[in-house]
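After this come two complexes, each holding chain A, first together with chain B and then together with chain C.
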Partner chain A sequence: MNRTAWKIDEEKLRQWVQGLVDGGDSVVAPVEEDGLTLFRPIAAAEHAHLEPSGKTRWSPKEFLFPRSEALYRYTLKGDSVEIRDPDVPETRQVLFGVRCCDAAGLVRLDEIFLSGTKDPLYAARREATTVVTSACAAADAECFCTAVGGSPVATEGSDVQLVPLADGWMVRALTDKGEDLVGEAPATWSEASADDIGRIEAIETTVTDQIARSPIQKEWSRVLEDGFENASWDHLAQHCLGCSICAYVCPSCSCFDMNHEANAWCGEQCRSWDACTFGLFTHHASGHNPRETRQQRYRQRVLHKFSFTEGEDQHFRCVGCGRCVALCPAGLDISEIVTAAVTAIQEEGADGAR
Partner chain B sequence: MSDAATNAVQSSGAAAVPEGWQPHIVALVCNWCSYAGADMAGTTRLEYPANVRMVRFPCTGRMSPLMILRAFEQGADGVLVSGCHPGDCHYVQGNLVARRRFTIFRSLMDFLGVDLRRLHFAWVSAAEGHKWAKVASQVTAAVSEVGPLPRFSAAEAWDSPQLPSVEGTGPEELSAADLEAIQTNLRSAAAELLTTGRVEKVVGYRSGSMPGQMVPVMVTSAADTTVLEWGDGCVNNLAAYATTALEDAAKVALVVKTCDLGAVTGLIRESQIERDRLRLIGVQCPGVRHGGDLADKCLSCSGAPHPICDLVVTVDGVRESCADPDVGVAETEDARDVQIAHLETLPPDERWRFWQRQFDRCLRCYACRAACPLCYCSSCISEKHRPQWVPTTIDNRGNGAWNVIRAIHLAGRCSGCDECARACPADIRLDLINRKLALEVESLYGSAGLDPSEKTALIDFRMEDAEEFIL
Partner chain C sequence: MELAEISPNPYHPSLMRIKGFTDETADVRTLRLEFADEAEAGAFAGWQPGQFGQFTVFGAGESVFAIANKPWHSNGDGPPTVECTFRAIGKVTTALRAMSEGQTIGFRGPYGNHFPLDDWKGKGLVFIGGGIGMAALRSAMLAAIERKKEFGDIVILNGARSVADMVYKEEMPAWQETDGVSVVRTVDPGGETSEWDGKIGLLPNVFEELGLDPENRIVIACGPPVMLHYLFLSLGKTGYQPDQVVTTLENKMKCGIGHCGRCYVGPFSVCRDGPVVTWAELNELPKDY
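Then we have the complex of A and B:
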């Protein structure tokens, strides 16, 4: 990667972001709202948390895959129906201050929405989006990106990456989109030194050391799939409450449901987030539910993250952000459960203790 | 963002009434009295404003708050609910039960920032054509004065009002040695119950993977009781697991804090579990911490285990208790009442914006419902779609309808354990909503406390219930 890296102070960084806002880009950045940090479109660079400020409560996936979006809208006019397509974004969207795990999560979403039949709404939004990641200076207690093949300085899904230095930031443009975003700004920036670039490795070592969770092995995919019927699932997910916090805060969960909202004059066909942890997700019209218990549903989520892959070289669908671990009201820890399930399957056999 | 119904709901706030604007008012009327009353007004050739559109119901008792919410969501600027006078109900007591429900719903709407000039209730009999015309005029005048309904969306670049900080001392501090002693006593109490066969399962806490975290665990053998832990990480209300734990066990012991007991009582009261299949192990509580700070609910709690538990575990040991439930009048003070009082001093417009911002964050993950021991319905109203009363779309309308109806379904039943607010990943102040309604119910109808034989307020009525607001 022979692209340039620069070193800038916080003031210059804010000037750059302000320039993007002024230039008409829709800049989405972490902001503080009622005591929690969330991604929101910002009107001025001063609103954004530019410092490595801790994780946002949920991932920025809603800016590519909204919680709810209309696929078409209609209005009844006399005997005729007027059908309208939803608006597609026209301005560039900049996701700013995204953690590296979240950026990897967006690539996992691409795999769903852009492979095979492309989802036109997602594709348009993705095309218009440039991702500026911010490397992590420290790991939170729930973080485990390194355990699933990620890294606090990973570049997957990043167009531009910010790396925190002792006295400012290093900016790296990693893709054409990224170079385009940086644009003319570097006229007043200085190039990063070898020391600054060495900081990337230093951060990786420091943060990796802070992550205590043991690595999840690639070959466990098969073990988990083979041990589908193992009884340990019932016991491991015994206290799952059946909400969907894990799926909704997850950077890579992509399930949705179709719903219709209408009155006598107009209506819309919507797709809204849905989650495999809900009983209704697989509830058949006949009344039969192939995933009847919460434990079966939780197993589905874990296996979809770590097991149901098409090829050996595919990534896990979990990027290790740890939000589901930190926010689960029942304290379920996906990395702990995977390890425990694999141990149980290996000890008891695939359908052990049934 | 849904625009299925936005046509009529466009305005920047309550301040300005646009020139030439006419309010849309939806009237929900009972078939037997008010509908006939309106008919009477017509046949008597009385004039009243044409802004009121009627929807006929069999009885006010059939009118769910969801239907009123739906009217607002679909663009009504005001709603009028009208039915038979007390004592005249075609179904004897439908309007009496409805009266309590409307009273509580009205105070919730007020708390959420709906200007009460938009929401009216009236008793109009079949013979009162004149009254109908008068009520319709009054309501139209009131709604005209307040203007179009504000937007169902979070205001941009707006600072939420700062709520006053909550204060309180919380439970008596317990040293590490004290907690160790309690934990040892708890383990031996649990082991004893399992060894003697008095229960088949103990629902308690074990340590989790996050620092200081405790997570629910079900223990079925005395040997396994060593996983049981006790400390300020024991946040979950284990009553949420009572029903499932009893599915495959004849008797179950629950480890409970005093704040969990209301939910246990609620489940017994509503015939979800049987008291004699439960052993309650009340444990001396150091207060629970969520995100580092002592939980707000703990600030005015002593932490002492409640005497209605079968076993009481303290630093000193384990003793049998099982006092009569009527000793257990629930605490009425709460540190957060100052925050509720502060919100109530704000103009409705500000409150509306405060709650719209909160609801804007709602992801519809239903963790509030999942964590709530008293949200036990096997099929929730939010999942019904014929008709679909709660919009599925994850936007302010649907989110508001969901949070409002959940609060209403819990009014008079909520035990204040705050599990919904703790579970909420968006930090929506569900605790304030539930507490507000609990205060309202208690001041008007009294509290059912911890006695499972007492009826809760909203399934009951008195002929003389207050109704000052009803026209």
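Then we have the complex of A and C:
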């Protein structure tokens, strides 16, 4: 990648962001709210919470795939129906200060929503969005990006990347969208030195060392698939409460429900986040349910993340952000469960101990 | 800017009028639908047997049904009619059952893969439908009857819990009017009436009694999971190979385009990669259906 890297101080960084806001972009950045760090559209660059580490409570996926949205709206007129499609954004959206794991999560969403029949609402938002990632200088306790093929300085899904330096930030544009976003700002920026660029590798080494979890191996994908019937699933996921917080905070979970919200005159086809860990997710009208138990549902979650992968490149669908680990009320740690399941399957055989 | 200005919305249904219906049982109805908009009717490309649609009752929601009539061709068939057979069992289907002729519903589709009729030329066909499972077979069955000279004998096995639960009662005699097509009706033991002149017995047992030689035959079966479980045992026992047996997966679906994640069986998205699968393909998938 022969694109330029610059080094700037925090003031220049905020000036650049302010310029984007003033220019009419919808800038979404981490802000402090009610004791949490959350992604919110900001009105001024000073509101952005710039930290070299620590993640937001939720990933920024809702700015591409909202928690709830109308797929169309309609009005009933006698025996006829008038349908109106939703609006799509006309201004650029900048997702600023996104962790590299979350940016990878957006690419996992692309693999779902932009494959086959494209989702036009997602596609329009994606097209209008530029992603500025912020490399992590330190890992949180729950982080495990490096165990699933990611990195604290990964560039997947990044248009521009910020790398924290001791006395400011390195900025590198990684795509054409990224070049557009930095625009004329570098006129007052200085180029990054070789030492600054070397910081990328140093960060990667430091953070990788901080992440204590052992890597989840690519070839486990097949082991897990073959071990679908293994009895260990019954006890590994025994404590799952089925609350589905794991899916809601997950940067790559993309399952959704569709329901009509309506009164006697008008309504909408409403799409909202859903989760495979809910009991009604696969419940047929007949009463039949292929996944009747929480254990079966948790197994589906694990396998869809680590085994039944989408696309040619066969990425895991878990990016290792660790939010589900930090927030699970039953203390389930998906990385530990994958490892335990693989160990059980390898020791007992595919359908062992049943 | 409205989405329609830049891109078609796959979730935007076509409006269809209820042109007529047949009540198959106390709670199963077959609807005949026509496009409300002539331009949409003109642009409709038809469907292949085995594909399904999403049907909308505005205010209640969407439900997935197989498109149940024989494939429509745009060359002189007149405007397309779409038929579906459904049981009033949930919110949407109960609301749909309450609608009358002339009222408007939504339709989007067709979705999914289809029965490979062209691959079955020269072979005998056995259609086995349990209860409302017949609805998923009807399009393929009617197409096969129409194209009978391309196939060997066609046997249609229609099974139901009771006489009152049997679908397509009125039209079954017409299916047999084509030479080489036979219909066998059966009801579960205890489901018969004093006038019943069909067979009494569970579908897998009745299938075995028919003694249909597996040589050069394809079995197309659709029904509740418990019926398919025992039918596959019977098929194995009578010498049918997994690649001679075709069924449909009937998982809960919402989006119809492989995005919502609801219908996965392992890596297989039923709405996108199915619903038609061979028994051989099914054996490769986790038992998650």
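In this text, the second predicted complex is superposed on the first by the 344 of 354 C-alpha atoms of A that agree within 3 Å, B and C clash if a C-alpha of one lies under 4 Å from a C-alpha of the other, contacts with A are read in each partner's own complex, and residues count from 1 in each chain.
Just so it is clear, contacts are C-beta pairs under 8 Å (C-beta built on N, C-alpha and C of every residue); 3 or more make two chains touch, one makes a residue touch a chain.
All figures in this text were calculated on a predicted structure; none of them were measured in a lab.
After superposition onto chain A, partners chain B and chain C are found to sit side by side with no clash. When the two structures are aligned on the shared chain, A:H288 is found in touch with chain C, with no touch to chain B.
Shared-chain residue A:A137: touches no atom of chain B or chain C. In the superposition on chain A, contact of A:G267 is made with both chain B and chain C.
Once the two complexes are laid over each other on the shared chain, residue contacts for A:V107 go to neither chain B nor chain C. Draw one line from the C-alpha centre of chain A to that of chain B and another to that of chain C; the angle between them is 80°, to the nearest 10.
By the touch criterion defined above, A:A128 lies against neither chain B nor chain C after alignment on the C-alpha atoms of chain A. Contact with chain B, but none with chain C, is seen for A:G242 once the two complexes are overlaid on the shared chain. Once the two complexes are laid over each other on the shared chain, residue contacts for A:D257 go to chain B and to chain C alike. After overlaying the two complexes on the shared chain, residue contacts for A:I197 are found with neither chain B nor chain C. The overlay of the two complexes leaves chain B and chain C separated by a minimum Cα distance of 6 Å. Within chain A, the residues touching chain B in one complex and chain C in the other are 257, 259, 262-263, 267. Interface residues of chain C, counted against chain A in their complex, comprise 1-4, 6-13, 15, 36, 56, 58-63, 87, 89-90, 93, 102-104, 106, 224-225, 250-252, 254-255, 257-262, 264-267, 272, 286-289. Taken in their complex, chain B has these residues touching chain A: 1-5, 7, 74, 156-157, 160, 208-211, 213-218, 236, 240-241, 357-358, 361, 363-367, 369-371, 383, 391-395, 398, 419, 422-423, 425-427. Of all residues in chain A, only 71-72, 74, 76, 79-81, 83-88, 90, 112-113, 115-121, 123-124, 225, 228-229, 254-260, 262-264, 267, 269, 274, 276, 281-286, 288, 290-291, 296, 300, 303-304, 307-309 touch chain C in the complex they form.
Residues 33-36, 38, 43, 57-58, 67-68, 70, 73, 141-142, 238-239, 241-245, 247-249, 257, 259, 261-263, 265-268, 270, 272-273, 275, 278, 280, 325-327, 329-333, 335-336 of chain A touch chain B in their complex.
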